[in-house]
Amino acid sequence: MIDVLYFAWVRERIGLPRERVETDAATVAELIEELKAREDRYALAFSDLRALRVALDQELSDFSAPLKGVREVAFFPPMTGG
Amino acid sequence: MIDVLYFAWVRERIGLPRERVETDAATVAELIEELKAREDRYALAFSDLRALRVALDQELSDFSAPLKGVREVAFFPPMTGG
Amino acid sequence: MDIRVQAAPFDFGAECGRFGQGDGRAGAVVTFLGLVRGADGMSRMEIEHYPGMTEKALAKIAEDARARWSLSDLLIIHRYGPLAPGDAIMMVATAARHRKAAFEAAEFLMDYLKSRAPFWKKEFGPDGAEWVQAKDDDEAALDRW
Amino acid sequence: MDIRVQAAPFDFGAECGRFGQGDGRAGAVVTFLGLVRGADGMSRMEIEHYPGMTEKALAKIAEDARARWSLSDLLIIHRYGPLAPGDAIMMVATAARHRKAAFEAAEFLMDYLKSRAPFWKKEFGPDGAEWVQAKDDDEAALDRW
């Protein structure tokens, strides 16, 4: 089980801020494929990975990173603070 | 007649902040030669021109500039504001 | 050193008045204030963030700045939640012996805050709501450090 | 736009609190504060200036900054006379739509103030009084503009 968090328009497209996901995905990319296969709203949110960023346990990471030991995955668009 | 002003250590070496000078000098450099010929304290103040700056009528200028029409000449070291 | 992430407003003048001074170590203080612009008909803004990661990201950015420049003080304040035109969004402040370090550290903090701290701005205007898009410039700004 | 040359102290916090905000045009405010450092056993400082030329030089530097960047506000305050460690010597502030212009304009103002405005600092320490020497760095800083 892994906590998956969504922010900004990713959260809006998927329709929820966080969920617990049962997965055997070895990498972020595999997790994304599983999510996209679920429902259109996921497929839509993850349709263009260049527009997305991922954090693993609250550290910026990338889509090829392994999920082993990770408790929290977050997906969001490029940040616009400051 | 021209007003000649001195600032910072130039003022301290010459021993006065300003004076009126009767001169026919055509350029700043000529005026400096006239002043150096007056007394040791002037010769000392003007001994290293690389350490000096000049302003003509309150605008930075250079030693080769003509004095025609100028009312106020100021000599001082490189500025250290800010 | 102080880092604050908060929904509440902050008083830029009061923060500037008490920052980095008084210990005689700083010769230079630089502050930056980010404001919600009133242009383009925007009526309000909302800033979303990632609690937990935000604090870690800001602490990391501040540590990186302190490793790189000798700073006698450093401050970051960043708001989230609803904001109106003219409101203060965030500020940074740096204090150092000389101006070069204070300026560089403040710009470094801003460049990294823009692209590496998990905040997202949504603008509400006459044509509806829109998430602010990251600019290529902002990512490119990191290359100079 | 405001330029002040004065012997009197100024309140950096209060100046920051009222600068560049309120009209909704600025998205970015940068301020710089220069302080007398208490290091190196210096007990006091005196700043001499050239009344008349100082005001002209500061007005020219400010005009040059405004010609180069689109600024919604600009402030320069520079003191002269006796100062003690910890005292505020001077400040600049710039307001613009985006942070890049506000930062660049503030650094431009500082670089030119250092080397082109007729101020001279004299420091009084345990070994007597000494005029602060201009640094080659400060002259070189102008090359980037």
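So that you can tell them apart, the chains are marked A, B, C and D in the order they are listed, and the count of residues begins at 1 in each.
In this section, contacts are C-beta pairs under 8 Å (C-beta built on N, C-alpha and C of every residue); 3 or more make two chains touch, one makes a residue touch a chain.
The chain list, named the UniProt way, goes like this: A, B = Molybdopterin synthase sulfur carrier subunit; C, D = Molybdopterin synthase catalytic subunit.
Just so it is clear, the model here is predicted, and its values are computed rather than measured.
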Query = Count of steps on the shortest touching-chain route from chain A to chain C?
reply = 1
Message = Quick check: how many Å separate the C-alpha centres of chain A and chain D?
response = 48
CA centroid of chain C to CA centroid of chain D, Å = 23
Message = Taking the mean of the CA coordinates per chain, how far is chain B from chain D in Å?
response = 26
Key: Numbers and ranges of chain C residues touching at least 2 other chains   = 34, 99, 110
Query = Counting only residues that touch at least 2 other chains, which ones in chain A make the list?
reply = 82
Message = Which pairs of chains touch each other in this structure?
response = A-C, B-D, C-D
Ask   = Tell me, which parts of chain A touch chain C in their complex?
value = 5, 7-9, 11, 55, 58-60, 74, 76-82
Query = Which residues of chain D touch chain B in their complex?
reply = 34, 47-50, 52-53, 56-57, 78, 89-90, 110, 113-122, 131-134, 139
Remark   = Touching chain C in the complex, chain D uses residues 11-18, 20-39, 85-86, 88, 97, 99, 102-103, 106-107, 110
